[in-house]
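Below is one structure, written out as structure tokens, with a few remarks after it.
Order as written gives the chain letters A, B, C and D; numbering starts at 1 within each chain.
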Amino acid sequence: MSTPEPKTNGAPKIGVYVCHCGVNIAAKVHIAEVIEFAQTLPFVTVAQEYKFMCSDPGQELIQKDLREGRINRVVVASCSPLMHEMTFRRATAEGGQNPFFFQMANIREHVSWVTADGHQATEKAKALIAAAVRRVAFHKPLEKKRVPVHPHVLVVGAGIAGIEAALKIADAGKKVYLVEREPTIGGHMAQFDKCFPTLDCAACILTPKMTQVCVHPNIELMTYSEVESVEPYDLRNFKVKIRRKARFVNEDTCTGCALCADVCPVSVLSEFDEGLGMRKAIYRPFPQAVPNIFTISRRGTPPCQAACSIHQNAQGYITLIAQGKFKEALDVILRDNPLPSICGRICTHPCTVNCTRADVDEPLSIPGLKRFITDLFPNYKLPQPAVERPEKIAIVGSGPAGLMCAYELRQRGFHPVIFEAQPVAGGMLSVGIPAFRLPRDVIKAEIDRLKEIGIEIKTNTPVGTAVTIEQLRKQYAAVFIGIGAHVERKLKVPGEALPNVWGGIEFLRKVNLEGPFKLGKKVLVIGGGNSALDAARTALRCGAEEVTIVYRRTRAEMPADPKEVEAAEEEGAKMLFLTAPKAILGNKETGVTALECLKMKLGAPDASGRPAPEPIPNSEFVLSCDAIIATIGQVPDLASLGGKLGIEMTKWGTFKADELTLETNMPGVFAGGDCVTGPDVVVNAMYAGKKAAISIDRYLNKVDMRAGREHEGPYRTEYAIDTSGTTVQRQIPMPAIELARRRTFDEVHTGYTQELAIAEAKRCLDCGICCDCRLCATICEAKAINYEMKDEIEEIVVGSIILATGFKPFDARRIPRYGYGKYPNVYTALEAERMTNSAGPTSGEIRLRDGSKPKAVGIIHCVGSRDRNYNSYCSRVCCLYSLKLAHLIKERTHAEVYNFYIDMRVPGKAYEEFYDRMLEEGIHFIRGRVAEVTDHAMTPDEEGKLVIRAEDTLIGVIRRIPVDMVVLAVGLEPQADADEVRRKFYISCGSGGFFLERHPKLAPVQTFADGIFIAGACQGPKDIQDTIAQAGATAAEALVLIDRGFVELEPNTAFIQEELCSGCKTCIPLCPFNAISFNAEKSVAVMNEALCKGCGTCVATCPSGAAQQHLFTDEQIYEEIEGVLSYV
Amino acid sequence: MKYLYYPGCSLKGTNRAYEESVLAAFQALAIEVEELEDWNCCGATAYMAVDEMKSFALAARNLALAERQSRADGPTLMAPCSGCYLVLSKTQHYLEEYSEVSRTIDGALQAARLSYSRKVHVRHPLDILINEVGVQTIAQKVRQPLAGLKVACYYGCQIVRPYAAFDDQVNPTTMDRLIRALGAETVDWPLKTRCCGGSLMGTLQEVGVPLSYILVKEAQKRGADVVATACPLCQFNLECYQDKMSQQFKERLQLPVAYFTQLLGLALGVPERRLGLHRLLIPLPYAAKGRGGAHVHA
Amino acid sequence: MSEKSLDLTPQSPSLKGRGSSPPSLGEGAGERSREPRIVAFFCTWCTYTAADLAGMSRMTYAPNARIVRFMCSGRVDPQFVLKAFQEGADGVLIGGCHPGDCHYQAGNYNALRRYTLLKRLLTEMGIEPERLRLEWISASEGDRVQRVMNEMAEKIRQLGPLHLEPAPRHVPAKQLEAVAVGQQGGAR
Amino acid sequence: MSKPKVGFYWCASCGGCEEAVVDLAEDVLKVVEAVDIVFWPVALDFKRADVEALRDGELAVCFLNGAIRTSEQEEMAELLRKKSQLLIAFGSCSHLGGIPGLANLHDRESIFEYVYRQAPSVTNAEGVVPQPATTVNGQTVTLPEFRDTVKTLDQTVEVDYYLPGCPPPVKLIVNAVMAILENKLPPTGTVLAPDVALCEECPRKATKPDKLALKELKRPHQILMDPEQCLLAQGLLCLGPATRSGCDAPCVSANMPCTGCLGPTSRVKDYGAKAMSAIASLVDSEDEKEIATLIEQIVDPVGTFYRYSLPASLLHRRVRNLTHSPFPQGKGSPPPSLGEGQGERSGGAQT
């Protein structure tokens, strides 16, 4: 075991020095008693008191005793070691002794200031001194370690504080990284018009500095970037990862010409103008922004586009329609969809399901808008393929799947040939969907367009008979099968074979191909899907007098599109729910005469999640009828393909195809659409066609068919959108022909007019912000726009970090009684600032929302400050900026301006004078916290005004001041993510949530993390003057470190006595700095003291006590524990 | 879920209409309500002013009874009268926060062979309707939309202050949301929680009457057909003193003041008599389309 | 340091009968009036600084706790806690940075792990677990220091003194002589 | 010249330590050759009187095993101390208290109550418990008094050296005897065993991962043990890292985790606390609840970490009858009331 070993002689000689700290200690602790006690302590040779030990004479006492050999160890009982330990260590050293033969007893912060009773305080002081004495006897001489400081500096936040600090350091010739999360530097100051108290223009001070930053050779500016992580690089320096957020504009090539913003169709509220003005989706916060580069705000794929199986960019063409840019809209549509005029009519538009607008009122009529464009340009052309390739590809079936597949392949240069069994192309589109929903000429036009770009279609060519799959496989590079599902499911009830019992598709096909025919007076349609409705409505058009839809569940469970259901009802179709067919009655001669039905009731949910219908026993009843149409789904017509194809099937009688690639078990043969999924909607068939085309393309190019295809097909977007405050405005119904005409096959809906279309399009909420219309790319001469840009992570190493992350203004909505967000003419100070700014949204005019000039304006101070309910601290700047605003408002509007204050706090050079000047200018000051802002008028002169109710505490009455405009002097709060940020940088937040300085007086810009400094409002509310001063201070701190080149570290590192270590490795995982490693050939743990930061966790853990910590050895601590408990 | 119901004195007396409409409306919504057995004075006004501890004791007894009567763990005690609501809530709060109150009251309860383990949730019907039943559900059950009726929702002071348990202290919106769900329009006015005069009406009328007047006048000015209240005293002050106001301020005031539950019942198609609408001194305007329909379902 | 190093330290003679173990000799039931004794192990970055802040803010609180400063709550060896109890403490308070705030990243989690096990141990050895308390107090929470110090003192007062049975280790006389003449014993 | 006289004695112990001596096997002859055993109740028929008859310090060495539990054991310890030049605490019980020491978790009354009354195997209708003195037809029969607390040897008399282990490994005994004979003894107070932890000589050392983290704490019967891999790595509470080496890890070699019979190294004051600290620190979680649940998996912490060293622990034991006595209030200043000084807060004012 070690013994005290002063360099002089055997026994320790300890000097105890008790500080009065003026009266701070002496007034509470009985110094004399303490001294007397100290003298009785072991090895104590000197026990003295002094008024201020930290003063030179105080330190001299110590040094003298040391020099003259009276003592060789020092205990000072005074303030906190965090305050003066360094001071006294230095004194000890200068006294010729190792500085670590010193120990401090904190009898001020921990005793005299916190103890009520003098006696108890004295006792506590004694105990702490006893502990220090016993501890210091075991101190050992130690050397401080020197670590080099990396010369580069990181400044986080480029408001005025960050800019100032960066410039100072850069001017000193050091490298600075300046990181700013916004697209431009300048921070809040850039938003201001004038600065108090001099009323000089903020821009004039700031903009030169901003440009300087931009051009300074020593500053590497990273805007629109955020610090991702900060890790220790070595003992003292930092490895910082910085996220360069994707701007989608190339910083090097963008010239800031602003042409893109002119063409951009999307306008959103401008953050920089505090929402008083608008900006485009591609933007630059303000003309003088630095760097002068544009940025595209993209929130991500809009929900509508994500929900669409073929990812049709709906927001894109909708926004363009709203702007009247119809041609451009068409181009956007054709980007992803070759059959828009069909989709615009009969797509079940899953896009509208996720439409954010639905949270407000109703989704947009997305298909209606698409249709509007296609109607507007009946003769539009499909894009010609850019490349040509020799391969021919066979496509079986000309339904949406086949057509889409063909189109996609053609665009890739292939030559698709479509084989269609029916006389007309279009598959289910042509045979299954009635003309009054989808006019034949529309289908024809679409198919002709496809032919125009070189897609061959062979109708009346059934594969399997005319030509076999085998042949196709031989003659074509690949085959896609999209034969749909055309074979009717059977009802499986007696009498199904009777005349005038139709399958839905069978019936529709007959009408579609051969025209309407007489069915009979009373027609029953069985089923609840879209085809049931089509059949019913077609039946009506075939002259049936009474058409009834019989469905076994209820309206709620009908799979059909509700709009179609309504339409059918309008046209006179009846519905009979909870009814299932039991038998079809009639005979060969009469044909069907009636349907025997069973009543049903809803039971537990089935596989589809819908309640399963259960028959009610003995509830049979009979419905007389002349014809029955059963529409209960279809299956693919596999027979037609000619028996055995060798293509694997599922138990539902559909083709088996790989989910991701749609390839069948036959290489080169792909299948998709209804023949794989069973009956499904058009857009999903198209999706299948596209999917197959991609696979085929990859198949023929011999590249992996599976890689990176996760994002094909529908998905839900994560981000949420705040729709509060959106005014309700329901969907504009699409014009339709009058009911009378709905017995013909004329198309029912006539489509939007331009006015209606634009109005409907304007309802879009721009979910994705940028609508991806790509107009900007077309206009940008510098070709700077890159939609594929991704966030990038940059890694740097720095020796010091300056945090200048600023503040966020208090959210005035939190105090409803001041009416912000309720009364339009209640503004926040920052909004007022923007209004006063000549470059602002009102170009410097102070205006009410209706554009008129205010005659009276009230400014309410301390909004969110000095208030226990919100922030109890004073925000320091509000009084003065309120004065400034008062002046500017009065100057520009000659309005009466009232300041409602609690106390005027105008400390600072020339501030009081500024205040006086405002008084002279005739601005009114009312002393009293405002109770409420209300539009409740009690007298005629209050009518139509905002009334500010406040107690005037100087004259002691409640006053009601009617004004036109209210400005809320909102306080300063820490940034919303301050807590997250300070964790990143290993520092703490103080009360109020602002970053905590190391010492309020002695170290106001340092933090508890070495080498990390704080400047400006992130440390606490302060004005520009103080901010700049503080920024300078941080710069100085950083420069000191760099110029000295090293720091001395507290030698409190841990060490392992290797000869005593058993190599149990318990300590190794516990070291957060990986300072401990296992030495295989010594078979012990070894400490890399260069990496040790001195927490001592390993020491506390070492099960055999082989690890110890300098300055905190077990024995030193035991001594201290015994000491504090050695009560006298 | 079954709710315990604490009527308090006024709902059994002058303001019977409130009780009638609460019970009828809840029944129409198929919400079970069970009256607290052997309840006593909640301890409001006079008591609270003179001797807090006594009024806590009174309130605590009710709470203890509630715990005993309900099988549920943490039963809900519904108090429509905002006076009762406040005192019961306050007592609950003090029992939890202040040990000495807690000790004294426990002693008092013991003397009455009662015990209270602080489990009761005191809630106002408005809270229950909005946060338990939900606006959508209610909207679905509306049979006679109050289309065309313009309602000024008046919350009074006590259900949002000092305990803003379910709504904002300054600009509450729950009642507005409810009333809108019934198909009526609500007028946006700033006096939702302004003082109605309270008990000053009885003690210092020259102060009380003007306070009520401010409210009625503003509601009328903003085009309200009716003021909806959630408090017996407010209803009483605003309705009964309109003649006095008219004399004092030389203008004719004839603005009906109804309980929000009466409007709710009306929209749900409960017959008028069961809602105590016949007790109103100033009858509801015919504007309430609900009336016609109400009889159909009577 | 050897088995008996405890009493082999040079200053032992001059410390005899004061503070050095066993301290509670002669204490127990009939001891003279005394206040609850608490030892507080505070980490320098958060809790110790918070205690300084409490001082600067002049928040007076119960004087019972004596603060021992560590660099990190992770340095607090359970032995120190037991040592404190053995030396006559009635309660021990450990203070560290909030989870996630440790100046050394994870030291406080180790404090938490040891504390959790130690508490079980104390309970099984018939010592009220409330006598040991772990608190996360950040540098800005001076008021929390005040509150915790007061609560702790109050708690310990309720629990009464912790009486541990003295367990004297007998030191061979010849060793004592050796020490008295200033040599050192027990060095390995 | 006459051979040095040696004594062996046992107090509260199981006899295993004697076995250990016998385990010296043929070496025992060397010993017998070298020394003259004058007192060894287990092996040879000597009486206390024979010891009393010896001159003070006549015994060169006395090896005493077992903890001190009864008045008789105290007397014997004092007697032998007086008669011996070197008194050696032999085995875990006399060194640290040993298994008998766990009795300190209870007091005499509860022990008697169980052992003589409650235990299922007991038939004791009258509920008689041992008495220091009983009168049987005029004659007084005495029994040694059963103390309330189990003590280590050095809590009873001065001890010169310690031979740790349960029982002490033969190797260590031999070394000790040789050291005595060759008069090559270290400073008194030393534990006569290597001062490095067991991992050093553990056959499984190489298999221990550099960064061990315990997600689960198991007991030997709960798992199928890997005969090669470090037991801690297998989630078993092996206390080797905290325990002195010198035994060549026979338990670990036999698939049993080390339970710590050789006690702590010289740097450690409290075996249990230190071992606990190491184990707890390895718990792989930063979540308060999860940590608690993981720690809960340790069955019987005291029995686990203080299996051999409870009487020697820093806490020693609580004085039972005194618990919950209030703080004596004499002239002492009044207790500060909770929240005292709340009013005096002057938000962050500094001088």
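Note that in this section a residue touches a chain if its C-beta (ideal position, glycine included) is under 8 Å from a C-beta of that chain, and two chains touch if they have at least 3 such contacts.
Values in this document were obtained by computation on a predicted structure and should not be read as measured data.
Common neighbours of subunit B and subunit C under the contact rule above are A. Chain centre most remote from that of subunit B: D (centre = mean of CA atoms).
Two chain pairs, A-B and A-C, are weighed by contacting C-beta pairs, with A-C ahead. The mean-CA centres of subunit A and subunit B are about 42 angstrom from one another, to the nearest whole unit. As a whole-number value, the distance joining the C-alpha centres of subunit A and subunit C reads 48 Å.
We define each chain's centre as the mean of its Cα atoms; on that basis subunit B and subunit D are separated by 73 Å.
Distance from the subunit A centre to the subunit D centre is 61 Å, each centre being the mean of its Cα atoms. In subunit B, no residue touches at least two other chains.
Within subunit D, residues 195, 266-269, 274, 277, 281, 333, 336, 340-341, 348, 350 each touch two or more of the remaining chains.
Across the assembly, subunit A contributes 114, 116-117, 120, 991, 1000, 1070, 1097, 1100-1101, 1114, 1118 as residues in contact with two or more other chains. In terms of inter-chain touching, the protein chains here follow a pattern that is not a line, ring, star or complete graph.
Note for the complex: subunit A touches subunit D at residues 22, 24, 114, 116-117, 119-120, 991, 1000-1001, 1059-1066, 1068-1070, 1077-1078, 1083, 1097, 1100-1106, 1114, 1118. Subunit B meets subunit A in the complex at residues 168-171, 189-191, 214, 218. In the complex of the two chains, the subunit D residues touching subunit A come out as 195-200, 205, 208-213, 240-242, 245, 264-269, 274-275, 277-278, 281-282, 333, 336, 340-341, 348, 350-351.
Those residues of subunit C whose C-beta lies close enough to touch subunit A in the complex are 1-2, 5, 8-11, 14-15, 18-21, 23, 34-35, 37, 39, 44-46, 48-49, 51-52, 54-56, 58-61, 63, 66-72, 74-80, 83-84, 87-89, 100-101, 103-107, 110, 114, 138-140, 146, 182, 184, 186-188. Residues of subunit D touching subunit C in their complex: 105, 149, 151, 154-160, 162, 187-191, 195, 266-270, 272-274, 276-277, 279-281, 283, 285-286, 288, 291-292, 295, 298, 300-302, 305, 311-320, 322-333, 335-336, 338-342, 344-350.
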